[in-house]
Structures are given as structure tokens and as C-alpha cells.
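A, B, C and D are the chain letters, set down in written order, and residue numbers restart from 1 in every chain.
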Amino acid sequence: YAPETLMQPLLDLEEAFRKALDDSSFQAELKSELRHFVGRPTPLTSAPRLAAKLGLRDLYLKREDLTHTGAHKINNALAQALLARRMGKTQIIAETGAGQHGVAAAAACARLGLRCTVYMGVVDMARQAPNVARMRLFGTEVVPVEAGQGTLKEAVNEALRAWAARCDKAHYILGSALGPHPFPTMVRTFQTVIGEEARAQVLEQAGALPDSVIACAGGGSNGLGLLVPFLGDALHRFAVEAGGHGPALGEHAARLDGGRMGVLHGCKTLLLQDEHGHTAETASISAGLDYPALGPELAALALDEKIEVLRASDDQALEAAKWLCESEGILPALESSHALALLPELAKRGFTTVLLGLSGRGDKDLSTYQSKLGI
Amino acid sequence: MNKLLPFIMAGDPSLESLPRLLAEAKALGIEALEIGLPHSDPIADGPVLQAAAHRAIQRGATPLRVVETLAGLTESPDLILFTYLNPLLQIGAERLIGLLRLTPVKALLVVDLPDSEEPEFEARLRAAGYPIIPLLSPTTDLDRAKGLLERRPDPGGDHPFAQRFAYVVARLGVTGTGGAPDLAPVRERVAALQSISDRPLAVGFGLSDPQALAEVRAMGATPVIGSALVQALAAGVALETFLHTRLG
Amino acid sequence: YAPETLMQPLLDLEEAFRKALDDSSFQAELKSELRHFVGRPTPLTSAPRLAAKLGLRDLYLKREDLTHTGAHKINNALAQALLARRMGKTQIIAETGAGQHGVAAAAACARLGLRCTVYMGVVDMARQAPNVARMRLFGTEVVPVEAGQGTLKEAVNEALRAWAARCDKAHYILGSALGPHPFPTMVRTFQTVIGEEARAQVLEQAGALPDSVIACAGGGSNGLGLLVPFLGDALHRFAVEAGGHGPALGEHAARLDGGRMGVLHGCKTLLLQDEHGHTAETASISAGLDYPALGPELAALALDEKIEVLRASDDQALEAAKWLCESEGILPALESSHALALLPELAKRGFTTVLLGLSGRGDKDLSTYQSKLGI
Amino acid sequence: MNKLLPFIMAGDPSLESLPRLLAEAKALGIEALEIGLPHSDPIADGPVLQAAAHRAIQRGATPLRVVETLAGLTESPDLILFTYLNPLLQIGAERLIGLLRLTPVKALLVVDLPDSEEPEFEARLRAAGYPIIPLLSPTTDLDRAKGLLERRPDPGGDHPFAQRFAYVVARLGVTGTGGAPDLAPVRERVAALQSISDRPLAVGFGLSDPQALAEVRAMGATPVIGSALVQALAAGVALETFLHTRLG
């Protein structure tokens, strides 16, 4: 579902991606950078005090907050940057919402000596100003996008336009498991390192698999990254969407119940849209979860009942962040707080051993926590 | 061969003025015209058409109201509905065909619908007389172009230009922005395409000054003029006046 | 050099510390928390683009910026919190300057269920407001200290006073290798994990030791932590102090040249002081390097010529931060930037392979980088 | 036994008024008096004495100027120089002894000098007639107290109180702040100390109301009054007036 100008670049990308996957030198380089630059494997932290508080027997946190730049986004950004360099591209285009993917792309590009341009909505630029500064320090040009709500969707629009204009020299590093093929597959592939590590770690630390695995889901890169490696296991998999501040269209970003199949940004998936097929506005306290479409692979797994999709409201997420801070001394990103918020629900449903994906650190959300929690 | 393929955004400056505008275009000898369906996320459009779509949506130019406005018009060029896929999918093929029957729309140009993605939907539209116009961009090599033209075939000489042409994207990027494209590579591409197909070609993206339009015509192709026209109409310039400056 | 009220608590602490070191269950618990909660071992990152830019053959960065809470401070804070719990203490007192030690102590206390009070100068609270918010989110009480320059020295004064008042129930987690015995020894012991890891990693990655090792030094916890494990090796060891904005007393925090032996906060060491024996004011763009005394162990090693002490100015540190951002995609703390700033000097002196301690991440210093670098 | 051991901060309210203040104290029958040397980092002092030290430093009360001001005074109680170690170290033992010779200072109370840390420095001062007063806190158990009293011995009954006494810290914490300490445990400690030593004891930290002072005296010890006095003097209250309210 991409304009013709991008079809050949997408086909080229798919081929390069397939070849890279089969190339042990690419795999070795990626593995080395993930280990020595990103800080993988990230720890799996047992959270006994929070588990006790919420009525769980065991709770394990997969700590993507400890990666370089502070969120899981770097796994994909770095891998795609390596792929781009391999393809002979000298420029990188990226979009960003909360700024974590933008910062990750900027860092990866500085590391590899690639020129980077990040498109970011003006509203997001204002509320995530520290991430704008981080990108600029890394030598990245941040281009303000004025259109629409001034958030992630418009940034993707503009990044796609920029890529169409420079697809001969530039690679587009999409940050979530969405967009035209092969992006959803590629991003998912580069993020499953999360779940693969977590699965081995929980087996080592607990001696058994948990009875449930839970992660938040915006586009789905974090959700798929953690959950896909557990698809073959007899346990329950949950993805948590942003419930925002109400059930009406425009008040949330819960695509499973609220959306219907549609096409946006080159892929067909569950989409929040009005009756005219225009993309709907969304609302969430978390800038990383307010994308109007669920990534197509995650949507398919949800419709196939392989993954259960729940939602957590703004208020629930804020409350959950406080639990983790006070019980374990870990400040979660607002995105991750949405997954934390569902833990009491899991306990109520009889789950006792939960593995939770902590997708990023909450430093970027400090001002929100301060104002909303009255710190 | 058409001298010019104009593009206008439905609902900008207003839906009310659309019938008059189309009648005027026909009176001025315009055989075919692209009409844009305003979309929330026009990823292939530059700032001018983004702004025009945004204005049109604000003024209530929903897909259904656009089609309703076109219903029953006889004084109009053949229309090519320039659109993104999602609004069409939400209407559905059957209902869409029924709606289009009443309008001067003869074909569709769906920016984000590669020929492989919705074969059933596309086949039903084609069978109903609404072919989807193939797009050929600078990244489309000749082999790929051949395939695209085959899979979205020329319905034949007895069909109007609006249903037969292929759209040659003059340069990388989006509609409207940037200076005039370097036409030398466009000339080569047009010649190559003409060597593999005798289909009429339209050339668009970035064309605006009379000289560029003339050069495209000299290649034996129809120049598309979009952003410049949309901007002029929004500024209150009459269609006739605008065309006069471009066609000399 | 402590008031009599603290002598018995200090003796008790020393005994508990010695016993814990000999207790394999304490060692195992500490090791497990460092691995699963803090994220140790931290990576050793080769920085080839920065090395090339500065004329070095190889540059390795020891990535304490990737620890939980973002700086090396957590190694010590967590270890001392475990020790305090073992001693039956239920309350923790800590001081903080830039806020990194305060955040680390707050996180460790939340993790272990200890009540935490952090003393912080009012000036530091204003300029490090995000760290104040982080501590409060972790449930820690942050007490503003109004006295004097309103920075670290006054915070230590107040923390010592608070400890004297509550030494029966509370343990004082000092954050740097200073203060009365056994603090300097204890903090150094808990921080040498940095250098021990780094030494093994560089041997593994490079196949040989570097010809020089360099780290910044405020009190000395980071400097000693990295350098001490290399004391037996035939290589050059450097510690970098804050050169501030000028050579006069009050314009810098370079204790080796600028200080003379004196007593502050319970230890005798190189101290910046006026002719009356009053502690001098200091200046540095880096809140973590502006302490007026060099930790006593580091001072001794410097005077013994085991470690060479250099200084970097505010401007040099800012410039160096930019190098690392743009060449490697890593945003260093202002403290670490002081060590980076000396790399050209090392290259000029003929060193080719450098191991550098990246003590923390620069997120806390973003506003300084923004205003000073015009981002 | 002294009825009261007052503490004043040298240089607060001013150095100039210090000789008059000391003469007044002597005239009022005060035998010994602690005089604080203002320090930049008074880690054992509460807010009142911190502020007094800060004011005094601002007004130029450096260690040397304080000692100069005391030089040659004859109308003064015996003085105990209450100080932190660093200023003394910077002056050096020999020079310090030479300076003190000219003053009414009879002993030193060095808050942050445990007896083990500077044995040579301390021995030279003691040999010159400037003993360092031992501090005994609530965390000092009786065994430790015995050792401390032995290592900073009583110079004997022919020496004045100022050189003989040991300072009993009444409670955990710093000077001045908090309400009156619970005196029951203090009574027990004083009794225990009296059972192992016949040295005069002074009790300080947190004492201010007349009743608490009287209770300390009833234990056979000398109450120290510091923060309350410093605050009163800074507020312009006369020494005589203040002592009157405290001694009845």
C-alpha cells in the first residue's frame, strides 16, 4: 500500500533485509553492536515487593529501560542503520513521536557516521523538548511538522514524503512495526531479541516459564518484540493499548475495539477512523501509544486470539508508575506503565507468575508525572 | 492527445463552486481532469495540496458529499478521481460503483494502491468501467513498467483518454514542491515508455511554468498541472485566466 | 576526624562492612542485585570514530551510563543499602550534589523497602530539578539545605548532622570516597567493580591492556573505581579534576594543585581552603566535580605518583561532550566529559590505546548543554 | 563546681564587643566560658550556631583576628576555645601555642578531633598547657568513655575547671535544635561517669530552660548554655539580663 515511487525502494529493502539475515557477517556485526554499544542482554529483574503488593507470586521485568538511549527502540534503529550502511545509503530519514525512536536513530547514525534527519510533530517537539535536544546533540537535523495534530501520524506522513524525494540516497528507518512491507516484518524481527532473551532468562532464573507475558503496544514493536518468541508456549500473552481518558473515538488509542480494518501509511490493519475513512484523532497521556493504527502483525495475532489485547487508561497508567517507583525503585516510561496497570487484573484472573516488558525509562515523562502526580 | 491534464481539489475553494468550475473547464476545451478527493493523510502530496485537502475537509468535503456533488453533472470533462485507498475501501466496491455511475468519473488514480494489493476490489471496479490508472515513477524501471502497464491494461482506443493513460511521475518526491524538474531524464523515460507501449502518457509532479508544459507536449505526452492551479483557484484566479497563462 | 557522637556508629559500620565482605551470602546478594537490578556488567564500548578523530588508535569506554539510574553511583548506593538492611537499620540518610547519588540511594531504598531522606543544597535542587522529581517519585524525602553555596558541601554537612541525630536507627549512605573512615574505603571497595570488569573486558576485546586509563574525579568514587584495579599494571593512570573557568581559588575544583592538606567532613586530604582554614568556594560547570576536597585515597595515590591528576576546564568539557555525541552517539555526563576532554592531550603525549571511564549519562545535563552549546 | 558554662560565638554580634562581654561575664561570677571559633563547615552545630558563625565570618572574625582580640585580656573568665580542627591545623601547633599564650584561653574543645587522629599535635598542645577537652556522647559506652578520659587525662585539682572537665553531650544530634532532651538517661549517664571518674562534668546540647539547667546542677554537673545565649546576644539582650533569667 505504498505509492509507486517507493515500491522499488521497498523491494530493494526487502531483498537487502533477507540477504542480511542470511549473512553471518551482518549478524555478527549486529550482535556485537547490540552487546557492546546498546548493552544487551538487558537484565531480567525480579520485582518481589511489587509482586507482593499486587497479589502475584512472581513478577519479572524485562529491562529495555537499561538499553543505550533508554528504550527498546535502539534495537531496531541500530539494526536498520547497519542495514542502510550495507546498502550503500549515506542518509537516514526517521520519524518520531515521543522522541525515543528519534533519539535511537540519531544515536545509531552518529555511531555509524550516517547523516540523519528526523521528522517530528510540532506538538511533540514542544512536549518532548529534551529528546529534541538529544537528537540535535547527536548531530541530527530535527524537522518540525506542523500539519494536523502535530504528532506521530503527521511525522510519519512527512517522513514518507521525504523518503519519496530522496529514496536514491536515503534509507527510511521506521520505528515501529507498521508501514509498508517489509517494515512490519523487519522491525518485528529486529525486536524479537527482547523476547528471546527474556524467555531464556526467565527459564534460567525461575526454572520455568511464567503463566503470562504482558507488554504495551503502540505500533507494536515492543509488544511483538516481547510476545512473539512466546507464541509457541502454553501461556497467556497480553498486549495493552492506551485507553486514554474515555471510550469515545478521539479519547483513546484502543484500536482493537475502537478500530476497523483500513489502510494507513502503507499497511492495512486495525485503524481508528471516522465514517469517511479519514484517520481519527487519538488521545493518550503516553506519546508512544497514541498512534491510530495497530501494527498489522499484532492486529493479526490479536484477531487470531494468539494475543489478548487489553487497555489501560491514563489514570491507571499514572497510578501504576507510582507503584513501580515506590516498590522497586524503577521509573517506568508512561508506555510501560500501561502494561503495569493491568497487573491487578491479571492477579484477579488467577495468573501468578508474570513476565512484563519494561519498554523504556520514564525520565522523558518526568514532567507529566510531576504535574499529574503532584510531586 | 490532450494539451493539459488539470488537477483540482474537490471542495477547495468550495464544493458549491465545483459544478461551475467543471462546466467552465469543459467549455475551455479540457477533455479530462483529475479531481482530488481530500484525505486526512495525503502522503504523496506536497504542502499546497495538503493545505487544500485540509481546507476542503474543514469545509465538509467528505468523500460521499464530493460524489454527491458530482452526481448528475453533464457539463464536465471526463474525471479521474485522484484519491488514497482507505476512503474507497470504507465505502466498498459495490457501493462505490453505484455512486460513481451517476458522475462524470471515468477512472481512478489511487496513490497508495499497488496493483497487487487489492486484486478483487480493483477487478470489480475495472469490470464496472472504472480502471485504475497506472503510475510510473523514476524508480520504476522499464521491466517493472511493462508489468504495471500489463496488469492495468489500456482498455483500448475506443475508450476516452481518462481511462487509457498512464501517469508518469516526473521526479522523486511529492506533488508540487521543489523547482521545476530536470526534464532531460523525463524525456528519456517517456521515450523508453513510448517504445514499449502506445498508451497515452501524462506527466506530472512539479510542472508549472508554460515552458515545462510545452516541453512535455513536445515529448508527445500530456502535462499535468496541479499545485499551481489549486493555489490559483484558492486565490480567486479564474480557471480561464490561469489556463491562458499556461497554454499561451 | 568525626565528632564523638559518630565514632561508635562508624566503628560499628566498619565492623559490619568487614564482616559483610567476608560473608559469601552478602557477596552473592550484592552480585545478584548488581546483575539483575543494576544491569552489570556494563559494556565496554569501542569508540573507533572518536579515536580516529582525536588521533588515537583505540579508545574504549566503560559504560557506567548504562547502569540503572544512569551513573556509577548506584554500585555503591545499592551495596550500602544492602549493608544497612543487614545491620538492622530501617532508615537511610544521604547527601547529593548533582542528584545522581541521591537518585541512586532513593532507588536502592525503594527496592529494599528502606525509608530514605536525602539532603540537597537549594541551588542544586533548582538546577537539578528533574533528579529531585525522580527521588520524590521513589518515595524519598528531599530536604533542602539553604546554608552557604547551597551545593554538595553544605548537603554533606547537613547529612552528617542528621546522622548524628538518628544514628541509632539510620545508616548514612555517603556517595563518594570521602568522609570519615570507613567511608572512603567502603565506597572505593564497592566501586572497584567498574575497573575489575573493564580490565577483564579490555583484555577480552583488545587482547591486551591499554597504555592508559583515564577517569574524572570529584570525591573520587568513579576515579578510584576505575583506576584502582589497574594499579598493578604497567600503564599510565589519569584522574581529571574540574578546571572550572579560571586558575584562581574559587574559580575551579582542582584540588591537587590548588589545595593543601586539611580536614573536612571527617577526613584529612587535599582541600581547597583559604588562609584561615575555611573551606573555599569552588566552581565547575559539573555539579558532580565541584566538591572542595579530593577523596583521601585518591589524594594519597596522586601524591605517591601512582595516578596523575590533570584538569579540564568547563569549556574543554563542553567541547568534548560534543565530540562523543557526534562521533559515537553517546551523550556523556558533564563529569565524564572532563575525562574525554583530556584525550587529545594523551594522544599528544604518545598514548595510543586509552580506556576511559564514562561515569554517567548526560541527560541530567541537557539544559546546560543546550544553553552552552546553543542547541 | 561551676553553676553554668556559657558558650558564645566569637565575632557575634561583633569582635569589638568581645572584650567587654568577657569582662562582664567575669564580673557576673562566670569562672569559665566556651568561646566558639567561627568555622565554614560547623558539622556538629544546629541552625543557631551555624547562623552565628556565618555572621561572624562575614564580619571578618577569622581565627587569627579572634585570637588577636583575646590577646592581653585580663578581665575574662577562663576560656575554652570551641573549634573545628582544620583552622588549628592550618595555623600549626607551635604558632598556635605562641598565640594562645597571650590570651585567657586555657583549653580547647575540638569537635572533630578524636583522640587518635593527631597525637603529635595534641601532645604538643597538652605539653604547652592546652589540654583538649574529652567529649562523651550518648553513643559512647562506659568502656569507651573510660579510655577517652584516660587518653585526655585530668591535669589535676590544681588546675582550673576549664582544663579539667569532660563534656557530656546530652543527646544525639547537633547543638541547639530540638526540644529539651529527656534528662532521665542523661542522669544515668552522668551517674555512671561519676562512678568511674571524679572529674568535673559539663552537660550540653539542647539545654536552655532554667529547670533543665537546675536539673543538671542537681546531678552534680555544670550545664552548658549555648544556642539560647548566642541568640539572645545577637538580639541585643544583655548578658546579665540573660543569665538572670536562667539562673534565677
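In this text, a residue touches a chain if its C-beta (ideal position, glycine included) is under 8 Å from a C-beta of that chain, and two chains touch if they have at least 3 such contacts.
Being a predicted model, the structure only gives us computed values, none of them experimental.
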Please identify each chain that touches chain A as well as chain C. none
Chain centre separation in whole Å, for chain C relative to chain B (CA means): 65
Where the centres are mean C-alpha positions, what is the separation of chain C from chain D, in Å? 37
Chain centre separation (chain B, chain D; CA means) in Å: 96
Which positions in chain D are in touch with at least two other chains? none
Touching two or more other chains, which residues of chain C qualify? none
Draw the chains as dots and join the ones that touch; what shape do you get: line, ring, star, complete or other? line
Contacting chain pairs - touch in the sense defined above: A-B, A-C, C-D
For chain C, which residues are in contact with chain A within the complex? 35-39, 42-46, 49, 63, 65-68, 70, 106-111, 113, 130, 133-134, 136-139, 205, 321-322, 325-331, 363, 366, 369-370, 373, 375
Tell me, which parts of chain D touch chain C in their complex? 39-46, 50, 54, 57, 62-64, 84-91, 111-114, 117, 135-141, 144, 148, 169, 172-174, 178
Seen from chain C, its contact residues with chain D in the complex are 1-9, 147-148, 153, 157, 160-161, 164-168, 261-266, 268, 271, 273, 275-279
